[in-house]
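Labels for the chains are A, B, C, D and E, by order of writing; each one numbers its residues from 1.
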C-alpha cells in the first residue's frame, strides 16, 4: 500500500475518494464560517441575502462591523497580550527545562520528567478550577491575615496567564527538548575548542540551533493560548479574552459579526502558522 | 627543540575501567603523528584530554614545554577536527572559519581577510557565503581543518575525520590531508582505526590497544618490524597461526601449529624457547606462488595445496590456499603482474616463503 | 537449462530521464551476478523492476522462462535484501525469518523448524528470541539473507547490502556473502558501486553507466580487457591521460598527451586512426620501477622522474612519480617484495611499462 | 477612572457608553453576564474585579449574607429624584442586609411567553408549552424563572414557600416531574436572548418562555410573534445597581448610575434593551411602538397579575440546582 | 567546574520546580482539601467526604460521569478510525510537495479556535442550516431536519475538534517507517492486510497511543462542543463542574467533581498505556 506496490484501480480510486471526502469534512465548517461573514443578514444562516462588507466595516446598527465593535477589539487585544505573556513564559521555562533534562543527570529526574508531562493529561477545566481554588484561598488567607488584597490572586489576566502557562509550558518544553535532543553536543565542544567560553558557546551555537524550535514553540504557545477556552473560562475576570467574549456572544445567539471575527482569526493564525513553517524550513 | 606536544604517564580511569593506561609520547614540531587502534581502545579519550574536555586521572600534558593541565579548553593552543566535523550548520562557511577569530576579538576586516586567505589555502576560494550543507563531504572536511588552522594552533587534533566519508572520497582525502599538513606546516595528531589511513599519512604511528601504546614508530617499522603480536595482527593483512615452538636455532625456530602444520619462523630478537606457546604471522604478499616446486626451493617453508577461493581484485587479488589435509587456509597475494590470474578454484598450487618472513611472538603476551 | 533470470530490452523512463535504457542480460542458474556502476546510473531501478516495485516502460522480465510482468511483488519467486536490510524492528529474529513462511500459511511447528535450520545455516543458532536491535551489523546482514532464503526463491536480489556497514565488517562480509551463496546455492543478483566488492564476489559483472550496460563479463575480463574507456576508468585504479593519436602501427600506436608526453599504447582491436583524440589508461601495477634505466630497456615507455609522494600501505604501497618537467603525476605500485620501501620523497626513480599495457580508447566515446 | 461594569446585554449600549465617557472622562469596560455568573465571579474575586454590578434585586441579599461580596450603597451620592419612588423603595427593602442597603433599581421587566400566534394559538400559560400541538417546537431556559413560572402555572405559590425549605422542595419536586414529562416537547433549552430570537424568527420554535422584550423585538419583524403574559401571571424582575465589595471606582459607579437614570439616557437603554427602566419620566422619551406593544401584552388585569420576585433565601438555589440538573439529564 | 555545574543545575531546576509546585501540585492539593469540606451552614464548614458521598448517591452525577467517559472513548475510537487512513496516505502515499500540502491542510483548521470550529458546525447542522437546506433541495427530505442538539452532533464536533491531535502523531510515526520495510513485507509474500496488521500497526503503536491519549483527554475535558452542539439530553461532566462553580457557587462539590474527573482521566490513560505496553515518556515525550 505504498505507491511502489501495484494496486487495483478500484482500490486506488476509493482511497483517493476517501481522502477527498476527509478534506471536505475538514474544510466545510471553516468555509461556511468564512462565507457567512459576508451574508447581508442578521443571522449566519441561509437564506443568502446578498454580499456585504458590513460585518467588517459597518458602523451603524444593527450591522456594526468588527472594526467598530469595541468590546471585540478589546477582547482581541486582551487575548494577544495574554498570548504574548504565555508564550514568552513558556518558551523561557521550556528552554530551561530542555537544558535541564538534556544536559544534567540527577536523582529523581525520571519522576520529575513524568511529572512535567502530567499537565497534558489533566483536563483543562480541572487545571482551571484547581488554580482558581488555590489562588482564592491564598488571597482570602492573605486578606484575613494582613488585610492585603492581592488582586493578582483573583480571577483576572494574571491567573489566566498562569493557568494557560501551566500546561503550555509542557508543550513548549517538548518542542524545544526534541530539537535539543538532536543537537550534536560536539558542536558546543567545537566552539569551546575554538576559544569560546561556555556561555558564549551556548549563545553563539546552541541557541541559534534551537531558534527554529523556539519560534515554533512560541507560535504554538501563542495559538494555544489564543484559542484556549476551558482553563480560561474558570479564571477569567473582567477582561475577557476573545474566546470567552465570543462564547458569551454565541450564548446570546449569533450574528455574522462572529463569522467576521472568526475569518480574521483564521487569517491571522494562518499567517502565524506560516511563519512557524518557514522558521522550521530554514534548517 | 622542545616537542610540540608531550604526554607523560597519562592515565584516565572511568570508574573501574582504565580507558588510558600510563601513556607517554612526544610529538616533534611539524610532524604527522597518528594514534591507531581498534574501537574502544581509548584513542578519543587521549584526544579529549589533550583538548581539555577531560581531566586526566594522573600524568601531565605539555604543549611546547608548558603544562596545560590547568588551562581551560578554550584557552589551550590546540584545536580539534571532530569526527563528524562539527561545522556550525547555522552559519555560513566564512562565519564558521571566522568563529575562533571573532572569539579572540579580532577586527572584522582582518577576520574577513584571514578567512579569505584560509579558503584560498584549502583550494576553495569564494565559497565563503555558502551554507554548510551546500558543500560536499570532502569540501566540508577541508573547511573543518581551515576553521582550526586560522587560529594557528600549536597542535591540530583530528579524531577519525574521514570516518563519515564514503570509500572513494576517503581514498582521495588521505592524500589531500597529508598535502594540507605540508601546506600549513603544523603538528597533526591523527586518530584512526583504519591502518591504511595511518600508514599512508603518518610520520609516526602509535598503535594503541586496551588503553596502552603497543608500539610507536614509522609505518614501515610497524609493518615490517612489529613489536608485538597485536601490532603484527592489526597493521596490515596477515596469516596467523598459533602453535608450540619445537626448536630454536638462534633467531630462527620451528613451530608446530595447533592443526599440526610445521612452520619455520624467526623471533627477531624476542625471547622464545622451545616448548613455548607462540603465534606466527606471515603476510600474504610474503608468500610466493609457483607452477612447480623447483622455483620455491630456496624457501624454507613450502607447501602444495588447492585453491579454495579466488578473490580477484585487480592488483590486490588474492587466493585462499587450502593445505593438502584441509586443516588450514592460507591467504596468498597474487603477483601484480597478473601472471596467475588464470588460476581456477580447485587448481593445485605450490607456495613457499622464507622463515625470516614468519614473525613469531610468545602467545599470551598480546 | 533456461537461465534463472532473463531481462529483455528493459527500459524505464521517469518523465524525461531514462533511468534504464534497453538493458538485456541473463543470469544462469546458481551464479553470482553483479551490477556495478556509479551512483545514479540506474542499478536500483533495474532491481526494483525485477522485484515488482516498478513497472518497466518496455521490455520483458522472465524468471525461469516465464514472464513475471503481470505478477505482483508478493507473488514473484524473487526476494530482495534491502540496502538498509529492512528487518522488521517490531518482531524478534525468529519472527522476522518466519514472516514469509507464515504468509504462505505453513504450520507453526514447521516454521519453527525451518527458522532454526536457517539460523544454523547462517551460523547464528539460538538467537531466535532476540530483538533486531540486539544484533550487530554483520549479524543483521545474515538474518536479512536468511529471511529471504527460507522462502527458497529462484533469485535473490541484493541492493548494496554492505553499504551501511563499516570498513572492517565489509571486508569480512564480502567473503562471507560469497560463502553463503555457495551454501544456499541460489542465484544472487548483487548491486554495488564498489568495484572491489563486485570483483571479489561475482561470477559475472555488468558494468552500468547512465542507464546502459557498458560491458558484461568476469572480473578478469573487466579488469584486463575493458571494453570501453568508462570501464577502464571505473574498474580498478588507473593512470589516465588524454591526448592525440600521432601514429598507428597495427594494434600499437603513439599518443601525445595534452601536456606533451609521448606515450605508446595499444588499441586492442578498437578502431582508432592517427589524429583522433584518444584516452590512454595504464594501471599502476603495470609500471615497473628500477634503479637504473638498463633494467627497463625492454619496455617501450620509459621515464625518469622524482618521487612526489610516498604512500606506504604495506603490500599496496604506491609512489607518485612526477615526470622531469613536472607536467604529469604517475601513480606506480611498489613491488610487494618491499624492495623499494626505502625510497624517499624527492628521490630519482626510473619507471617503464610496455605499450601493450596502455589501453587506448577513442575520446568522447565514454 | 475605568468603570468595570458587570451587567446584562443591552444595559450599556455603545452610544450610552460613548456619551458617558465624553461627558465624564471615565472609560467604561462592559462585561456581559447573567445573575448566576455575576455572583460566581464576584464570589471568586471576593467582590473584586468589577466596580458596578447589576444583579436582580432578589439575588442580592442571599449571596451578600453568604459571601459578603457587595458594599453598601451611599444613598447620598445618588440622585433619588431620578427614580420612580415606589420602585426605589421596594428595591431598597429587598436588598437590605444587616441594616445596610445594597441595591437601587435600574431596569425592570417581566418574563412570560413568546408565541407565534399563527402557529401556536393554544399557548396561553407555561404548562401549555407541554401540549402535543407544539411538540418539538418549544423552548425555554433551564433556569430558576422556569421553575417558578411552571410552579405558578401548576397552581402553586412558590414564593409563599420561600421561607420553608421542605415546602419549597415539595413544590420543586412537582415542577421537576412536570418538566421531565415535558422534555420531549422541547427543541432545545435556550441560553441567551439572541439565541431564542433566532430560534423564533427562523420558525424552529413557535412558542417559548422568554423575556417580554424579546417578544416585542420579534413583533417588530413579524407581527404574528409577540409576548404573551401567561394566564398564571408574568414574573416580574428588577435589575439593580450594586457595588462590589472591592470595587475601586465608586465615584465613576455613582456617576454612571446617575447618568443612566436620566430620562433621556434611560430611554436610550430602553431602546437597546427593550425594557423599561426605573427612571422617572423616561416613558416620554420611549418610542411609541414599544409602548403600544407593551400595552398589547399587558392589559390592566395582566399588569396586576405580575408576580414580583421576593428575595431568594440562601440555600434554595441548591434545591433548584438539583432539579435543573436532573431535568437536563433526564432521558 | 563542579561548583559551576551545581549552580547551573540549580538555576535550571528552579523554574521547573516553581512551575510544577505552584501551578500544578499546590492547586491540586488545595482542590482536594476543598473537596473534602462539607458545608453545614452559612459560612460554616467541616472536614468530611460528604461531597463525594453526594456524587455517588446522586444517579444523575454518576450517569453523566459514565456517559462522558463512554462518549469520549467512542470519540477517540472514531477519530482513530478516520485519521489512520488519512495519516497513512499523507505519510506513505503522498510524495514531496503534495505531502507537505496535505499535512498543512490537516493543520489549517486547528489554527483557529475551537469556538470557531464549533460555530461552523452549528451553522451547518442547525435546522435552518446548510445541510438541512441541501437535503431539502435534493428532495431527500420534505421538511427541514434538525441535526443539531443531539449526541451525534456532539460526536461530530468532538471528532472534528481532536482530529489534528490524532493525525500529527500518526503521521510522525508512520513517516518513520521506511518504505523499504513495507516493501520487504510484500516482497516476502505479505498481502496488504497482513502488512498492515503485522508491520504498519505495530510500528505506529506509540503514535496511536499518544494520539488516543490526547484525543481522549480533549474530549473528556471538553466544555464548548457538548454545550454548544449538544441538545437537551446531552449533559457533559465538565458542564456539571462548571455549573457547580458558576451557577451554584458550590465550590466544594465542584472540586470533588473535578477530582473525580482527574481520577477518571488518569485511570483510563494509565489503562491505555498498560494495555499497549507503552509509557508516558515514550508516547508524549
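The criterion applied here is as follows: contacts are C-beta pairs under 8 Å (C-beta built on N, C-alpha and C of every residue); 3 or more make two chains touch, one makes a residue touch a chain.
In UniProt terms the chains read A, E = ABC transporter permease; B, C = ABC transporter ATP-binding protein.
Quick caveat: nothing in here was measured; it's all calculated off a predicted structure.
The chains that touch both chain C and chain E (ABC transporter permease) are A.
Inter-chain contacts peak for the pair A-E, counting C-beta pairs in contact.
Centroid analysis (C-alpha atoms only) places D farthest from chain C.
When chain centres are defined as mean Cα coordinates, D lies farthest from chain B.
Work out the mean CA point of chain A (ABC transporter permease) and of chain B, and you get 56 Å between them. The distance from the centre of chain D to the centre of chain E (ABC transporter permease), each centre being the mean of the chain's C-alpha atoms, comes to 37 Å. Residue positions of chain B touching 2 or more other chains: none. The multi-chain contact residues of chain D, meaning those touching 2 or more other chains, are 202. In chain E (ABC transporter permease), the residues touching two or more other chains are 126, 128, 183, 186, 245. Inter-chain contacts, as defined above, occur between A-B, A-C, A-D, A-E, B-C, C-E, D-E. Considering their complex, residues 51-53, 72-75, 78-80, 82-84, 86, 88-91, 99-100, 103-104, 147-148, 151 of chain B touch chain A (ABC transporter permease). Interface of chain A (ABC transporter permease) with chain C (complex): residues 4-6. Chain C contributes residues 167, 175, 178, 194, 196, 199-200, 219-220, 223-224, 235-237, 283-285, 309, 311-316, 333, 335-338, 341 to its touches with chain B in the complex. Against chain D, the residues of chain A (ABC transporter permease) that register as touching in their complex are 43, 45, 64, 70-71, 74, 132, 136, 139-140, 143, 149, 151, 154-156, 237-240, 248, 250-255.
Across the interface of their complex, chain D is touched by residues 42-43, 58, 60-61, 63-64, 126-128, 144, 146, 148-149, 231-233, 235, 240, 243, 245-250 of chain E (ABC transporter permease).
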